[in-house]
Amino acid sequence: MPEQFYFALEVSLNGLMAGIMYALVALGFVLIFKASGIFNYAQGVLALFAALTLVGLQNGQIPFAHLINAVFGTSLHHFGWTLPAVVAIALTAVVMTGLAILIERYILKHLVNQEPIILFMATIGLAYFLEGLGDVMWGAEIKNLDVGLPQGISETIDEVTFNWFGYGFFIDRLDIVATLVAAALVISLMLFSQFTKYGRALRAVADDHQAALSVGISLRFIWVMVWSIAGIVALVAGIMWGSKSGVQFSLSLIALKALPVLMLGGFTSIPGAIVGGLIIGMGEKLFEFFIGPMIGGATENWFAYVLALIFLVFRPQGLFGERIIERV
Amino acid sequence: APAPAQDLHFPSLSYRTGPFGAGGIPFADGYSDYLTLMNERDGGIGGVPIRQTECETAYNTEKGVECYEAIKGDSPLILQPLSTGITYQLIPRVTADGIPLHTMGYGRTSAKNGAVFSHIFNYPANYWDGASIAIKHLLDINGGDLSGKKIALVYHNSAYGKEPIRTLEELSEKHGYALSLLPVDSPGQEQKSQWLQIRRDKPDYVLMWGWGVMNPVAIQEAANIRFPMENFIGVWWSGSENDVLPAGAGAHGYKSLAMHGTGMDYPVYADMKQYVIDAGKAAGAGDQVGSVLYSRGMYAAMLAVEAARKAQEIHGTAEITPAMMRDGMEALEITEERMAEIGLPNFGPAFAVSCENHGGPGRGLVQQWDATAKQWNLITDWIESDLEVIDALVAEDSAAYAAEAGITPGCN
Amino acid sequence: MFYREAGDFKSSYPGDSQTFPIRFDRMRYYAVLAVAFGIIPFVINDYWASAVIVPFLIYAIAALGLNILTGYCGQVSLGTGGFMAVGAYACYKLMTAFPEVSILIHILIAGGITAAVGVLFGLPSLRIKGFYLAVATLAAQFFLVWLFNKVPWFYNYSASGQISAPERTFLGVALTGANASAPAKYLTCAIFLFALAWLARNLTRGTIGRKWMAIRDMDIAAEIIGVNPLTTKLSAFAVSSFFIGISGALFFAVYLGAAEVGESFGINKSFLVLFMIIIGGLGSIFGSLAGAAFLVLLPVFLKNVLVGMLGWPTDLAAHLELMIVGALIVIFLIAEPHGLNQLWRVTKEKLRLWPFPH
Amino acid sequence: MNAPSPDGYTTADGRSIGPVLMEMKNITLRFGGVKAITDISFDIREGEIRAIIGPNGAGKSSMLNVISGFYVPQEGEVWFRGARRPAMKPFQVARQGIARTFQNIALFEGMSVLDNIMTGRLTLMKSGLMAQALWWGRAEAEETAHRAEVERIIDFLEIQHIRKTPVGRLPYGLKKRVELARALAAEPKLLLLDEPMAGMNVEEKEDMSRFILDVNDEFGTTIALIEHDMGVVMDLSDRVVVMDYGKKIGDGTPDEVRSNQAVIDAYLGVAHD
Amino acid sequence: MLDDSPARRIDPQPETGALLEVNNIEVIYNHVILVLKGVSLSVPKGRITALLGGNGAGKTTTLKAISNLLHSERGEVTKGSILYKGRNVQDLDPSDMVKAGVIQVMEGRHCFEHLTVEENLLTGAYTRRDGAAAIAADLERVYDYFPRLRERRRSQAGYTSGGEQQMTAIGRALMSKPEMILLDEPSMGLAPQLVEQIFEIVRAVNEHEGVTFLLAEQNTNVALRYADAGYILESGRVVMEGSAQDLRENPDVKEFYLGMSDKGRKSFRDVRSYRRRKRWLS
């Protein structure tokens, strides 16, 4: 039955695209995990913070306006200018780098050589802090993010496929952009970590902080670098997701969609994030589409995790993760 | 009972943070601004000043309970938590503590039955009314016949979102449409599969019970698959500016229910501007005035104020207690003249509350989004819900509750 | 000054392995008990009960449970919310199906059911470790929430899927429902906490506790010296889930009175309880209590200061509260990564040496 | 001692050694392409101190791991007490009475010294979960009984003063001693020691040697020992297996091994003593 | 192997000054555990200095205090000063210490498990700026020192044997072209001929490249054969110091650290009673 087949194909394609969107968030996790063994819970909030900052800068919002107004009884809101998207994005990247420096300086530096769970916890503290900060700085109301990315159904694909198969496929143009951006990001990050000494240093740091220090790798530098990159990746994710749903608190919850991706691909693998995203995206969409209606729907959240779990039972380190070394 | 207060305490259980903050902010602002207006312009209600307090719940039930416990000793006249979850927590508590709870268009629908839910009010309309109104509207456009039509419900996968299902199922039997259900998990950032299902099944109409980020994403996705927007109707919680703006032009023609008017074309805004906004006394950032949810907050405050007046009137004292307030709410009567006096002519329906009916008339409107003008336009007159179906459901559900909670229903 | 070990010699092994080997600690412990059961029930009011103390007691139980799994046995779990939901829904079904049976028994059985579910979801821990396991437990979290939301049998087919606790009494005193008094709620939770803490203490100081810790510290070595990883990990899951199930049952029946699974037992619960044990101290019973107290009290305290005393707008206060809680978590971790418990220990060690610096 | 009889033999210093306790037959172990052990056979007799030596990476530790059941060899059989050992999990092997220490100390860092040593006795403890939870009769009595045993070992190894210290803080040498204590606590038939004296100075090595000899004497525990200090190996052991690149290149008394040219070339470098 | 090896000739008067000077430092872990109670050392440039002492004497702690790795163990230097080339280095980052030319080989190997042996070695060259060719040449040199590593260059370090990891760790330090190496128990877990070999390498590096060594070692015997001077630590204090020759001849050192009595070395089997360590200081 070609109808059904086309539906399945369409769902799979869209699943793959959704997977790419998850992978964008997962990438940030991977980078930080690779570089420091830190499971960065704050990645989702970083994306939110980046998106908030971007919108704020673009619209010329005065940071902390609400706080200032509350304290001084003023009534400030906007500087009165708007910035072109490119400038705002560049400025936001600078802000994210600054943030990375602060994070290193005030948090990570003091937690060298601690157990992973402690570091994880610290990132949760950070997530809280940034969430509050983002809201105080830019306000909690929903904001539109528009950097000129195309959205909506791609007419071309629809038409072309309709002419070919007699069935027009639905592909969101935003998803196509996301795929291209993700591909570019992944390739450049992979080149970076494979072919530069910093890439090697990253992995060394993840294995053993003390030993890394002892050979002269500056944890501080590595961390600032990695957190800046992760911040910029978060900005990209924030732009993509923000264009889709507006910028507000829930953006930070996309982290939860990235976790199964991460787990399936392996916490330490950049290509793993993408492959994991594709598998999860496609799997959960197909399941929701075909099985979901039979069992009441809204299965995506748990199905993604269960799917990842099934993979893990066979490969406990994820598809591309580094082998877990078990020796005595 | 707490001693009569020197002032009238109107707490606001608001949420300006968390995943639903974007919806909570305008509501809280509207609620507060109207009460401020009363103080500034009239010196309170019946000469007694209003005291406002605000407690942040973040849409979180535990925080809601904490807020409740913190204020319940402070003679709160009325509580409006704007959260179905918190409402469920509070129903037994307020009943035991004798504090009235007003859940306007949300909460537990069967609370309409005042014989069981003595302290809970959900006038002027509830979810089941909403479901029925939407179907009525569809009946209207279809010349009274929906048989053979396919209707899909996209809903927030929570207590809130599930509310209309029973009603819609009952109505589908009555009107012969096919209903399909598409739950979306909170928060609802990813709805690809739901909308691809819609694309495949091609329902004639899509209804939506959404809140928070789920709304704009759904509207965006609907636009993406080029679902005809005029066939897409959201409940009144899915019909604010925040929901449609992100989709830009794609959202043009999207409809939603409304239980009150919107926009700033009401005389009350003249006073509002004079006494509150220009006086720098606006709540929050002051940038929400006139939006849909702001109007709703204002409407909620207005109804509360009217009930307080009523209470003052029946009990012959200006310094009313929560118990008196309850009586005022139960005796509340909103007429068109009164609405006009207040400066909100035809903003909401005229209705009278009684012990048997805490739920008001169950009337609603349909509004449609004009993406070019960026505004909501009312496109129908008041639509009555199908009380025949709904009242039966209310009776059934409230009886079940009464049995479970050991309440003997009755009006005193 | 009081804090001296000297002169407090133990002449028997049981004496040496008692819970509070130092006299002063023992005295303080009895004092706490006396206050908890002799004074608080008479002075507690609704606000303190509902807003602070009852949630604290219940979270403390959950934290104890998670600490057994994560702190003692080293299996990081983010499924706590889901397991609490199991306890809550089991308790609800039992309460409504067997109204004549005592609620206390229902709560215990709910714990037992949760233990069984916990074991089931603990099975992957045999293959999956560390953060991978943590993320895998999210599968349990999301699946359970989905299940309770989706299958109407669990919520007795109510229209909205909410469950509400009917009134149940014990010796004529209402423990659940709107008429339960603050002291009744408080005592129920306090007694459960006390009993479970005592149980946890016994378990963790004996053979099974050492097996857990061995698995935590080095699972391969543990296996090589004779610890069966399967039974050890699963027993940790079972005991931990038992505790968490009871806390879920109390949370629903005694504290909230009504619950909706996604909202009351969502992923945030899992994280919250995890914070508690990390802030309190992994592998420590006192730490579980301290962590729970800290994270329940802090927001309430901050809110009361920022809004109540400083009069700031609530939204601003809420945002600042987030920032402060976040910052405090980080500051705490930096000051003492091993939690409040360790902070307390170091203080004691200093006290012991006092007035000498070392 | 030449060609020991099945029932055992008598050592130079007059101790009598029993029959074969454990026998490894044609063991081969590979990790992907790396052949860690190639077709090695040897036996360990009851009451004996058996040393395994060889250059770094020769496969000695891997051999101990095979004995403990942690590595499963691709080929070969393990015989224990006269019977072929079926496929077993490491914890089952431990319960047969085989205890060991590890090359890279594998103590439970989060626990006190006392608790660490108590874990050694886990295989001997019987009380159930319930009894422990309620700390009733059996659990407490059992705990006390085992505690007494453990205290004996603590006295024996002279680590009384650090009983309650978390092991994470201990210096290396003490950790090794605690690890030995943990292994001893299991009252093993066969004790496997992987470089028990690495990182110790002479004085400490002397102490450690004394402990090992005493264990062997007092409890009749059979000991398999890996060590790089030739002085120690030659002085303590009754027989020595020499490995190189996964192959066995020598097996015999210390004197035989010392004069084996292959061993000198591969390992000793110069003739020792 | 214990009879005296070709003793190194020691210049009575080192012509170069102290490269590293540790003055009376005190180290506290976790704010309460006092471990070093005033340790002073002076390491002359271009020499090999040994730091000896029993388990827990504080050797590792001293080395970590110098390389500034203490902070990551929640330890701190509370008193005294550490001067490298006359400059106080206490506030430097560990990585700055490496840049300044001081590198530590940590006790217990600390290889990067997931990196291959070769990648481990290359991380040693992280701070170097002298180009890929020079690094490649040094890599070859390390492989020449440790042929076993060349064979295992592509394996993940986590899966190599204890000794191989030790070689990797030492090789890694050599890759950074340091001026001074702090070696913590290099001989631990190495086969006897490798121990000699490592010390030969130390000597070679010291003589040909002028690298200064401070080495903590339990194997007193070998250490004193290769070192120029030594310090003996006991319970966080320096109890004896002097040239290697003097130390070797000291009767107490002979008895307690070299395991020799008047009759030469005695068998481990003959130790019939546990011996109480003599304390020079309590």
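Before moving on, here are some points about what is shown:
Here the chain labels run A, B, C, D and E in written order, and each chain numbers its own residues starting at 1.
Assume contacts are C-beta pairs under 8 Å (C-beta built on N, C-alpha and C of every residue); 3 or more make two chains touch, one makes a residue touch a chain.
Chain identities (UniProt): A, C = Branched-chain amino acid ABC transporter permease; D, E = ABC transporter ATP-binding protein.
Computed from a predicted model, the values in this text were never measured in an experiment.
For the pair subunit C and subunit E, chains touching both partners: A, D. A centroid comparison over C-alpha atoms places D as the chain most distant from subunit A. At the far end from subunit E, in terms of centres built from Cα atoms, lies B. Two chain pairs, A-C and A-D, are compared here, and A-C has more C-beta pairs in contact (counted per touch definition above).
Taking the mean of the C-alpha atoms as each chain's centre, subunit D and subunit E sit 29 Å apart. Centroids of subunit A and subunit E (each the mean of its C-alpha atoms) stand 45 Å apart.
Separating the centre of subunit C from that of subunit D, both taken as means of CA atoms, is a distance of 42 Å. If you average the Cα atoms of subunit B and of subunit D, the two centres end up 75 Å apart.
Touching two or more other chains at once are residues 70, 102-104, 106 of subunit D.
Chain contacts: subunit A has residues 66, 135, 140, 296, 298, 301, 327-328 touching two or more partner chains. Residue numbers of subunit B whose C-beta contacts span two or more other chains: 16-17, 21, 25, 157, 185.
Interchain contacts (touch definition given at top) occur between A-B, A-C, A-D, A-E, B-C, C-D, C-E, D-E.
Within the complex formed with subunit C, the subunit B residues making contact are 14, 16-17, 21, 25, 54-56, 58, 60-62, 65-66, 68-70, 72-73, 84-85, 88-89, 91-93, 95-96, 108-110, 157-160, 162-163, 166, 185-186, 284, 393, 397, 400-401, 404-406. Chain contact summary for the complex, subunit E toward subunit A: residues 67, 69, 71-73, 93-99, 103-106, 110-115, 119-120, 122-127, 156, 158-159, 172-173, 176.
The residues of subunit A lying in touch with subunit D in their complex are 328. Within the complex formed with subunit B, the subunit A residues making contact are 7, 10-11, 14-15, 17-18, 21, 65-66, 69, 73, 75, 77, 135, 139-142, 144, 151-153, 170, 172, 241, 244-246, 248-251, 253-254, 257, 284-285, 288-289, 292-293, 296-298, 300-301.
Subunit C meets subunit B in the complex at residues 46-47, 50-51, 55, 96, 146, 149, 158-162, 164, 166-167, 177-179, 255-260, 262-264, 300, 303, 307, 313-315, 317-319, 322.
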